[in-house]
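Consider the two complexes below, in which chain A is the common component and chain B and chain C are the respective partners.
Take a look at the complex of A and B:
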């Protein structure tokens, strides 16, 4: 009798870690993660899933009745010349913006990675571009590149270059202005990443290269650049994702114009959703963009890994 | 004033610049601590934590329904007034509450550009505002929203005097014969010109009988490339702002946008050609027109004395303190029956259904707010054009001019609003096709005839439901 009770007790106390106490720990664990889970679920996951659902409907965001129309939005999208045009602009923009920002960032970071006076000032100035709001940035660039009153055309006239239409040009020129604008805005970010990576390069490697007779350019190419490759991969992926989602600068400067010359995917999506009230179609465009980002990023990781050197 | 009107969109944008989060850090968390930090966690503490979470979640859900109290005498209104308009509106609300004991009108500021988006969400959530300020260009789409109260009989009530509202306003508040709103704001386009530049060019000031050929000639003479001075300007983002400027010209040339049943494009006509040719002469041939893709630079340039004439609305006047300007109605096209017309962009107060008693409170308030006395007060305090014809008396106009020089021309110009844009749900898409047409002509990318034909084909496609 006593033995069995004791046995029973022992058994129950043995079970305790997985039983009552375990449950309590599980519960407290849930209590800790619940707020974050709820918030992320509500404001992150739910809209993502909801827009996927929307992309299979003809929802217009207005009437409460929207019909399930299967993959019709996706079929329309494939044949929509405006989508392929916007896709083209997005890819051209990304192809110019990402390497451009990385090169400018690398150049500035290398130039700032030394001990000279007022370095704190230069570094702050470089990063300040990140702190400036996109609105002010766009306003300043609109005036810099104004065809009649802008300082850029003025400088062009001084050095004998032909006057440009810039944001008024329906050719690629308007998109180029946006590339320049965004490179300016994002280079500070690239500088910070590269500066941090540069400071992580062991001095002994650089000295060893010097002893082996490597010049400055050789050292940079053979030592610095490979050691910066993880930072480069990160920047390439990060900037690409942001570039594919370009919206603010377009919205603020050209509204996708002139004649659609700067209409990128996100801007087209916004137009469809909030001007034409085609929420279903806009959601399909959003998922197309998601797919593009997914594929591009996957390729970058694949290819990038081959050229990336991690010190362990 | 602060009623900078931007169509279907906003100059203010959501900023995305906060994305420079940390680079993906490899497992900072590492292995989790083996034992609970709390030590032996009493079940009660866990329950407490869960209870707190549940309570706050419930509180968050419930916070939107505050206006339900007050037995239908408490209503919420969404408006986008700032500055002088905000002050005048707050004053009127206070006055209403003081004279109507028991009624509580709480107003919530919402940027006008986003109100429709927010109202859509609120309607979907079953908790719309009682009244919302919505752009007139949205009206056909607003009419589709569930919960929008039909005001057709309300505006027939004795004392409302519906016909006292300008015809352009009534047109935009009515969708397929159903009144879905009460006018909240009205404006129109006229020509604002720089008197000093006219004097310098030895040009007579524009008179009320002037014509478009005269406008074009004046613009040419006011242009001086050496000092970067332009005769006129045109906004070219290709948005509705681009489009409505042209629509006024089309009407004046005797044309219409669509046929009378709104089923086919009608602008590929002699009138369409005349209007586009006029613009093309200035932008392509004479280079007398400053093209502004940003929709904002032109005002600064006019205020800096760099532009001779602007076709614009009353909202811009307060932005021209540095120039001595005059206002004249739009020129006409000689040899057509269009005469002097203009286009108006009225906005609406829209009532949503939150139960019969709240609807009644909302209707009563909105009729009071748009009654003559309140309309006069609001216009005098803000410089906005009066939304009622009866307000525009000689002495009233003089008072308005004293505050904002020459604004009375815009008031009388409301009488030249004879047509409204087609009240159909596909108008935004049509607007895009026309925006492309106008911009391609202005930039010299297409000939007017070809551009008209292409746009008409596109519009017909949209109207046929396959756009």
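Take a look at the complex of A and C:
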């Protein structure tokens, strides 16, 4: 028993063993990791550097005309009105989508965290949104929000609201429709995460609060919410990373329009790379995207940790 | 003193609130939460319902305002029409081949690498692991341009079936993921090492230890990785959009997007195509719901 524990500890030590045994272990170790390493190295690691190198060139898909142009792409990027517009849309979208999805998920999970009849049905309805692809989701929603024949405009007319252009509107309205469809699409995911966290809350804590005279709302605010904070931080970071990478719904519903009203960073990047074949410039946009994601998630971690309560 | 006066009113409000809640509950023959959950479920399910309703309408009925909530004529012909307008069977087959192959490759390659990282001591292990984990931080969109160039090069110089335009291009770059390696390594490290040591003493080689002892103990982790990889592969859109340039090699998502582009106002036809595209995944999901939910919940628990 003690021997195996010692062995286990030694095994997990960082230094490789020396001598013949060590060579054998190194050889078999590399034999096990090589296939995965080749794939991840070729398609995951190498492109990170390559992308950076490309961003300093004027590569346009034909390697014969590619040349190093220093930081010129980055200089162009700073003054490109399309980039600042796309950045603005991306941040507005993220700022609306992330809290929206978290609130919807929290509300549904709290409502679904009880043993009442038909609960399996309610939960399945929420989970089903996880099984629908972004493309199918966007295709349904452009029909629901069709300005002429859509059911949403019909509901608007029933309750006396003016008819809307929705995805055809060059104002922020088009982006709002994309916010709504993606909140719907992610609600099942948020419910799963919050429901798992809710079920991990020890019931005696909640009961103790009730005995101490705390009302339902107070118990929720002071006991449940703090205990959910690790799940909230995870969701905030996860949803933000995905929100900053928004593409599919924009591609299917608006192609970035009308008049660029829904052009987000990744859509602009794709357009530059695979419609205009400005590989060099698009790589600079890609690195800008990477920087934005790093900065935003770093801020979330710093701020989030302060409000996150860990039981263990 | 002040504390006592401050708590008293809230306490009585709390008590009153609870008694009225209890009173209301006794009057209702069901939990009041149904009154919250039923409207919420209607909102969640409505897009699905409307999708199916539209898919069996005639075009003239779909293009009517105000819309009819129930179609007068049920036109199932939309489904064969959609099937004739685009090869949905081909799309489905491509998606299935890509997703299943990707899952198998990931299970094999990530298990082998994850096991070596978990249990072997070899030269360069730590450095390699750090580099691998660093790739996890970089989103796909940042690296997609070189990935496109590399895939094109692989197709021309190494393996034509893995080049741009072939479904192999959707499998090979995703055949192993840093997430899969990390996820399985973490799981393998939680397994008791004694079985493996006993087998090693008995003269079993590493590969058969992994195959006969470690993998059977890791069924839940493998199932989770399989479910997540399958969902990712099935729903992937951006990479197929870049890497595939023909209808014959399109996946369901790409095929559906192209179909939408070609029939943008024929709503019943589009919705019939949409139903056909999402039905297989929906069926798999409903059957294996427990697995999928557990897998998704696991991403939240292993994270931050």
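Here are a few things to note about the model shown:
Criterion: the second predicted complex is superposed on the first by the 294 of 312 C-alpha atoms of A that agree within 3 Å, B and C clash if a C-alpha of one lies under 4 Å from a C-alpha of the other, contacts with A are read in each partner's own complex, and residues count from 1 in each chain.
Convention: a contact is a pair of C-beta atoms (placed from the backbone, for glycine too) under 8 Å apart; a residue touches a chain by one contact, two chains touch by 3 or more.
Keep in mind that this is a model prediction, so the values were computed, not measured.
Once the complexes are laid over each other on chain A, chain B and chain C cannot both fit and instead clash.
Between chain B and chain C, C touches the greater number of residues of chain A. By the document's definition of touching, of the two partners only chain B reaches A:168; chain C does not. Looking at the shared chain after the overlay, A:90 reaches neither chain B nor chain C.
Within the superposed three-chain model, A:35 lies in touch with chain B and with chain C [touch as defined at top].
By the touch criterion defined above, A:148 reaches both chain B and chain C.
Of the two partner chains, chain C is the only one touched by A:44; chain B is not. Applying the stated contact rule after C-alpha superposition, one finds that A:276 touches chain B and leaves chain C untouched. Of the two partner chains, both chain B and chain C are touched by A:234. In the superposition on chain A, contact is made by A:259 with chain B only, not with chain C. When the two complexes are overlaid on their common chain A, residue A:245 makes contact with chain B and with chain C alike.
Clashing C-alpha atoms with chain B appear in just one stretch of chain C from the list 19-27, 235-243, 271-279 or 289-297: 235-243.
When the two complexes are laid over each other on chain A, chain A has residues 25, 27-28, 32, 35, 130, 133-135, 143, 146, 148-149, 189, 193, 234, 238, 245, 247-248, 251-252, 274 in contact with both chain B and chain C.
Listing the residues of chain A that touch chain C in their complex gives 4, 7-8, 11-17, 22, 25-30, 32-33, 35-37, 39-40, 42-48, 50-51, 54, 107-108, 111-112, 114, 116-118, 121-122, 124-137, 139-141, 143-144, 146, 148-149, 151, 153-154, 157, 184, 187, 189, 192-193, 195-197, 213-216, 218, 230-231, 233-235, 237-238, 241, 245, 247-248, 251-252, 266, 269-270, 273-274, 279, 282-283, 286-287, 289-290, 293-294, 301. On the chain B side of its complex with chain A, the touching residues are 8-9, 11-17, 19-20, 23-24, 36, 38, 40-43, 45-46, 49-50, 53, 57, 117, 120, 123-124, 141-142, 144-146, 228, 230, 236-239, 290-291, 293-295, 297, 301, 306, 425, 428-429, 432, 436, 439-440, 443, 445.
Residues 21, 24-25, 27-28, 31-32, 34-35, 38, 60-64, 130, 133-135, 142-143, 146, 148-149, 167-168, 170, 174, 185, 189, 193, 234, 238, 242, 245, 247-248, 251-260, 271, 274-277 of chain A are the ones that touch chain B when the two sit in their complex. Within the complex formed with chain A, the chain C residues making contact are 7, 10-11, 13-14, 17-18, 30-31, 33-34, 36-37, 40-41, 44-45, 47-48, 50-51, 54, 62-67, 109-110, 112-113, 115-117, 119-126, 128, 131-132, 134-135, 137-151, 172-178, 181, 189, 193-194, 197, 206, 231, 234-235, 237-238, 241-242, 252-253, 256-257, 260, 267, 270-271, 274, 277-278, 281-282, 284-286, 289, 292-293, 296-297, 299-301, 303-304.
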